[in-house]
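Structures follow.
Next come two complexes, and both contain chain A; in the first it sits with chain B, in the second with chain C.
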Partner chain A sequence: MRVLLFGIAKDIAGKPVITVDGVNTVAELKSYLYKTYPRLEQLRSLMIAVNKTYAGDGQVLQASDEVAVIPPVSGG
Partner chain B sequence: MNKLVRIDTHITVQQALDFVEAPDCGGVVIFSGNVRNVTQQKKVTKLFFECYEPMALLEMEKIANHTIEKMGVKRIAILHITGEKLPGETVVVIAVAAPHRAAAFDACEYAIDTLKETVPIWKKEYFEDGEVWVAAHP
Partner chain C sequence: MKTQRYDRQLKLEGFGPEKQQLLNQAAVLVIGAGGLGVPVLQYLTAMGTGKLGIVEYDTISITNLQRQVLYHTSEEGQPKLQTAIRRLQQLNPEIQFIAHDTWLTPENALDIIAGYDVVVDCSDNFGTRYLVNDACVILNKPFVYGAIHKYEGQVSVFNYKGSATYRCLFPEQPEPGAMLNCSDIGVLGILPGIIGSYQANETVKIICGIGEPLSNQLLTIDTLYNTHYTFRITPVPGNHNITALQDSYEQPCDTGGVKSLTVQQLQEWLEAGRPLQLIDVREADEWEVCSLEQALHVPMRMIGGIIPKLQRDVPVALLCHHGMRSLMVAQQLDAAGFPFVYNVEGGIHAWACEIDEEMNIY
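Coming up: the complex of A and B.
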């Protein structure tokens, strides 16, 4: 599954899109991200958006979903 | 259409005001957010804004809908920039029109406060000696 990265998360991963396989839920995706990019755990928060909506840890991920990593927002 | 949400490289207060003004609205409140030239005693040289644009527009629309459905607002415009801006330049504009001023003040404050909490936009501050993503770390 393709996962979009923004802001500091993109800087930490070193790229705007990563491919993640073998994760079935948002919680599993977060575990994968923290293991692969430990600096993500130092952020104030880390949200996952599925199909452009904030998703809870239990949400199941489908291969066709648009998944994005949302570090702490700072607009305005 | 009674709401305008927009992300662009250039926005103005006038665009937002022109959209919301209407004969049935006696009160119009505008918030304009500009680049400040100093943060924690350090000189800011510029800001860079990155947006997850399709989701940001949806979240901005949710804010607009709430003010219209729950807060007595008739018309609202929420504009945000993307890209680089220099001190003094405008990065966000919210204009709210309601029959009376109280609802417009309340909704305008709600809109900017909620935008800062929920809309996926990220700001990087540039200083003379480095740069930092704002609010990323505790």
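Coming up: the complex of A and C.
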């Protein structure tokens, strides 16, 4: 599954797109991200969008879904 | 209202005199007159927004000028608030400007925001963003959100007719220090101009009731690759039920930790009579040699005793001989959660050399 990274998530992972396999829900995706990139967990809030729509932790993911990881942004 | 000024919007199909009048009657509060706030203020002023409030307490720094294009090089060190209003009045004298010469704090947020129809969040830190959200939810005010990171920006309209709020996207503030050092990330000058212009556009849309506002949507823009995404978001139950502000929204990273204050800036602040708690942390024998009359003398080792007496929402500036001891005290106050801590660069020695040549030097 292709996962697009935005904002500081892109900086933390060092790339704008990652491939994640073996996760079935948004909650599992978040666990994977927090384990792989511990700094993401410090953000506390991490929005996941599936097919351009906000997705709660329970949402089931399909391999064909377009997933985006959108962290909070503070700059102004 | 001088209609000629607004001729191009009056003759615009879908806008016209009726929408112009709505804009003329609107009261908009812009929080922050920095990267995002400058374009928001310029366009809302130019287009004829009736009443514009500005919350800002910062001074103009040379590093602001690559993106905050309202300000001039000669105005370095001047307060942004008065400088912005002076220039915006030249742009459109028909606008009523309200100066809120302060940072937004839990103590003043509700009083300030209550007087406006729409709030535009142009702040640059999470603490203020969550404060704006909570205050707007309590007062049932829509707010237009914009934020930037490197080459990317986010825009949304929150709390508009029951739409999603900032906490529906990001329920909790990030851990202090989770973001990169706030002032060191860097930004290309154009990006806040783009995102701020979107915020101004959304503000006009919700005032005038035209088009489809970005409520229940998050727009992200990547200016390096020209990608625009609009994400659908939904209100989370409970997020509109806020009844009181938190006691504090402070975050050490947000304030960039301890900020530096030059002796020239200190002189301007003192002469302008800005609220400031200036503390001289040198020893008694040094204080005897020279001192500033506005300073409170608290030797470094005694500082713990006065921390409970300091006001948290008034900036604290620390002064010593050369700026080293005061920096340590400033870091101590920063770690204790004071949001606005300044270290006077070069200490009283710099003041004696650069400001007051009659002062004793040691």
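Criterion: the second predicted complex is superposed on the first by the 71 of 76 C-alpha atoms of A that agree within 3 Å, B and C clash if a C-alpha of one lies under 4 Å from a C-alpha of the other, contacts with A are read in each partner's own complex, and residues count from 1 in each chain.
The rule is simple: contacts are C-beta pairs under 8 Å (C-beta built on N, C-alpha and C of every residue); 3 or more make two chains touch, one makes a residue touch a chain.
If you're wondering where the values come from, they're calculated on a predicted model, not measured in any experiment.
In the superposition on chain A, contact of A:19 is made with neither chain B nor chain C.
When both complexes are overlaid on chain A, the residue A:43 reaches chain B and chain C alike.
Applying the stated contact rule after C-alpha superposition, one finds that A:7 touches each of chain B and chain C. In the superposition on chain A, contact of A:52 is made with both chain B and chain C.
Look at A:64: by the touch rule set out above, it reaches neither chain B nor chain C. Within the superposed three-chain model, A:74 lies in touch with chain B and with chain C [touch as defined at top]. When the two complexes are laid over each other on chain A, chain A has residues 6-8, 11, 42-44, 49, 52-54, 68, 70, 72-76 in contact with both chain B and chain C.
Interface residues of chain B, counted against chain A in their complex, comprise 33, 49-52, 54-56, 58, 80, 91-92, 112, 115-124, 133-138.
Note for the complex: chain C touches chain A at residues 32, 34-37, 121-126, 129, 146-150, 152-154, 168-175, 177-180, 182, 185, 187, 192, 218, 220, 229-234, 254.
Across the complex, chain B is touched by residues 4, 6-8, 11, 42-44, 49, 52-54, 68, 70-76 of chain A. Residues 6-8, 11, 39, 42-45, 47, 49, 52-54, 68, 70, 72-76 of chain A touch chain C in their complex.
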